[in-house]
Amino acid sequence: MLKQLITTFKNFFPAPEVSAHCDGPCGVYDPASARIAAEAVVSMTKKILELEHPDIGNKSAMIEYHNTLSRFVTIKEEQAQITKDELLILWTDYFKPKHLEQYPDLHDTFWKAAKLCSACKVEVSSQHANELMDAVHKIHDMFWSSKEKDVTWYKAS
Amino acid sequence: MLKQLITTFKNFFPAPEVSAHCDGPCGVYDPASARIAAEAVVSMTKKILELEHPDIGNKSAMIEYHNTLSRFVTIKEEQAQITKDELLILWTDYFKPKHLEQYPDLHDTFWKAAKLCSACKVEVSSQHANELMDAVHKIHDMFWSSKEKDVTWYKAS
Amino acid sequence: MLKQLITTFKNFFPAPEVSAHCDGPCGVYDPASARIAAEAVVSMTKKILELEHPDIGNKSAMIEYHNTLSRFVTIKEEQAQITKDELLILWTDYFKPKHLEQYPDLHDTFWKAAKLCSACKVEVSSQHANELMDAVHKIHDMFWSSKEKDVTWYKAS
Amino acid sequence: MLKQLITTFKNFFPAPEVSAHCDGPCGVYDPASARIAAEAVVSMTKKILELEHPDIGNKSAMIEYHNTLSRFVTIKEEQAQITKDELLILWTDYFKPKHLEQYPDLHDTFWKAAKLCSACKVEVSSQHANELMDAVHKIHDMFWSSKEKDVTWYKAS
Amino acid sequence: MLKQLITTFKNFFPAPEVSAHCDGPCGVYDPASARIAAEAVVSMTKKILELEHPDIGNKSAMIEYHNTLSRFVTIKEEQAQITKDELLILWTDYFKPKHLEQYPDLHDTFWKAAKLCSACKVEVSSQHANELMDAVHKIHDMFWSSKEKDVTWYKAS
Amino acid sequence: MLKQLITTFKNFFPAPEVSAHCDGPCGVYDPASARIAAEAVVSMTKKILELEHPDIGNKSAMIEYHNTLSRFVTIKEEQAQITKDELLILWTDYFKPKHLEQYPDLHDTFWKAAKLCSACKVEVSSQHANELMDAVHKIHDMFWSSKEKDVTWYKAS
């Protein structure tokens, strides 16, 4: 059955054109884009959880509180979406059928990572934000090992 | 091993919160969004292939030709990207672990459809544009069957 | 006077080039795009109205509440804008002077529908959200009747 | 019949909430946004028409030519879209039923202006670009007269 | 040292190509774009500060309040970003080395104005919103004096 | 005079709120975002220069050529804009008055880098693309030295 699958793939993406199927033809892929956005998700989640609700009678403090909370939620939302977009570019454009043999959990890894991006929007959850960061770290390792290049994982924050 | 996988999934997405993991919480998913964009990709590809190169000495005809060609390529690019985005929303947000048991080729179907979107950008290929339309049709069927609802497939063009 | 108006139109959009004046030259128009976005507006409006304010002393419930409310408002805003954009594409690009004779309330229908999109942003009003859905339904009928094609109206939600 | 229409309008947009139906609640409308974008359309159209096709054998000149032409077409497209968007914000959000009595050609003016934006994308036409500029000028006058304010029309280019 | 600096500049941006280094080649720059957005920032800031918090027990009033507050914060954010983008286009594309001799505080003026845009996002501060408007006014004067053209400063709101 | 300048700054950005003036309050800045986009500019510039013009009589080759060229120019444009945006975020939000004392050429460095982004759009120039990469490298060093952190410069391509 595996053989049949491979044949199907080969027919679907005939060998000589494989590279032409990549979307961004520039060949510049770097999971650092997803990592930077995921760090912002972690940071925003933490800051939202730390916000202290002011006294309700304090009008100007209430306005500052809601301005800040509203902005943090929006930034968390946007950065989680960027993380998702950047990960999916790797999944749909960089990784090719040959990688699927090397990383059999490729689809599952990206599906879960994408679902974690959504979870980080819907919730204000440090646990899910950290799991997203771990997922991005795993994809960083997978990506650079596929290129047989050694790039150190670091965080900017 | 399958059992173990299911357990892992269950731990990962604990049952009662499953729906909360969906990104767009409005519950309005419709593959028609992807279908409309894919139709535009087919239409643009066809129109690009039909364009007649004017006589090089005819300056104003040359300018009209390049204005049209450049716009068509850009619209094809944008619509292929929209098709991809709309499909990936279904894959990452609508479809859930339980669907994976029902549609074992779920990941493979979306991966190939996404790669076809990229192929339709990189090339001017009626064959790939039509294959993309077929992939969207397949996903339309998969989607509505998962909701046990009967929605007729139609094309606007 | 009507005759004069028609003459003015004819001079303005000379007959043979009429089709060239359409913006999206792909010829793929489908009011389904507006309908899907309008459904999301209805859904978000309903969910916002159903949200229960938690006890003010319950910090983590308050944060979840504001995260959810803030996101729902933003999604309602975006989807109302998409509804508006999609409707205005039909009005400015698909519908042509000849349709104005067939549908004398064309301008009025689109103007009111566009104003309803704005009302659905400014307010959290089930009544206006439903009126918007009715306006989109009316435009669906107008559009497909103008193409003499019979496409069933359905909702995805 | 007019009376009936006005009654319908009044029911549709009940008097005290009229201002609340405006989308951008900030009250800052200025046709200058549309004018600046329309100027760019005129400028790009002119520059495209002036571009000299290089000798086909001159590879580097050909590449510079196509880089420039392709960018100019894209900028023309974007600026025509911005002109359209800015005009439609005035039509859908600023102008209200009471203005329709004052400016009976309100709908027609905006419809034609929007169609000119599309024409300026599809074609490389100085005539249509200038007609668009005239349409924006007319809307500038209509807008400021409706506010009984005297703002001088000027061009930045 | 100044002479050395000028020499460096001259090598960096060789005289005959200076104009080619401008990004938007259409030559249509107008600080009115930044002014319109800055006016919206001032207006939104004012409206947020004027909002009255309803009685917490009044569910529908609370929802309207949060819908309005959330939208106003988002619009303030977007318009502050547009102000920043429009100002930075002037700084990076319109102003050239020769202007730096004429306006030695060019960099400082734009840096502070950009930082004020950020301050207007982070805070709900009438003072900073007004300072931003003053900064835009100063840039309006600088810009038109550099073109030796007399354009009256006005506000749309 | 320097003392006076510092006083002015201190009044402008009073000490305790300095950090609050940063736009993205998440504290996650990383010049890697600009570096990745700049690499794409270098790559696209190189690929455009390497494209071979096909025989004019070969219709399908001509279409593929223009599809590719048009896409590459658009991607170069977008990536140069992203490079510019990412650099300007560092300049306007991360770097603060205290850094200006440490890096007196701060403004000049960013102004030239931003102008190089524009040059890379307007031209197809390997020289300017490489100079842009050098400018990003310089900013990488400046940024990490300001944080007293040692992060290795690497390229993904």
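To keep things simple, chains are lettered A, B, C, D, E and F as they appear, and every chain counts its residues starting from 1.
Simple rule for what comes next: a contact is a pair of C-beta atoms (placed from the backbone, for glycine too) under 8 Å apart; a residue touches a chain by one contact, two chains touch by 3 or more.
Just so it is clear, the model here is predicted, and its values are computed rather than measured.
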For this session: Could you quickly compare C-D and C-E and let me know which has more C-beta contacts?
Result: C-D
Exercise. When the contact pairs of A-E are compared by residue number, which of D-E, A-B or C-E has over half in common?
Worked result: C-E
Problem set entry | Chain copies touching (chain B, chain C) - same or different residues, decided at half shared | same
For this session: Let me have the rounded angstrom distance from the C-alpha centre of chain B over to the C-alpha centre of chain E, please.
Result: 39
Exercise. Chain A to chain F: how many Å between their CA centres?
Worked result: 23
Exercise. So what's the Cα centroid distance for chain A and chain C, whole Å?
Worked result: 32
Problem set entry | Multi-chain contact sites of chain D, meaning residues that touch two or more partners | 25, 56, 66, 68, 70-71, 74, 121-123
For this session: Could you list each pair of chains that touch one another?
Result: A-B, A-C, A-E, A-F, B-C, B-D, B-F, C-D, C-E, D-E, D-F, E-F
For this session: Mind listing the chain B positions that touch chain F in their complex?
Result: 48-49, 51, 53, 56, 66, 69-70, 73-74, 77, 121-124
Exercise. How about chain D: which of its residues touch chain F in the complex?
Worked result: 56, 59-60, 62-64, 66-68, 70-71, 74
Exercise. Can you list the residues on chain B that touch chain C in the complex?
Worked result: 24-30, 32-33, 36, 39-40, 43-44, 47, 68, 71-72, 75, 79, 151-152, 154, 156-157
Exercise. Given the complex with chain C, which residues does chain D contribute to the contact?
Worked result: 12-13, 20-23, 25, 84, 88, 91-93, 107-108, 111-112, 114-115, 117-119, 121-123
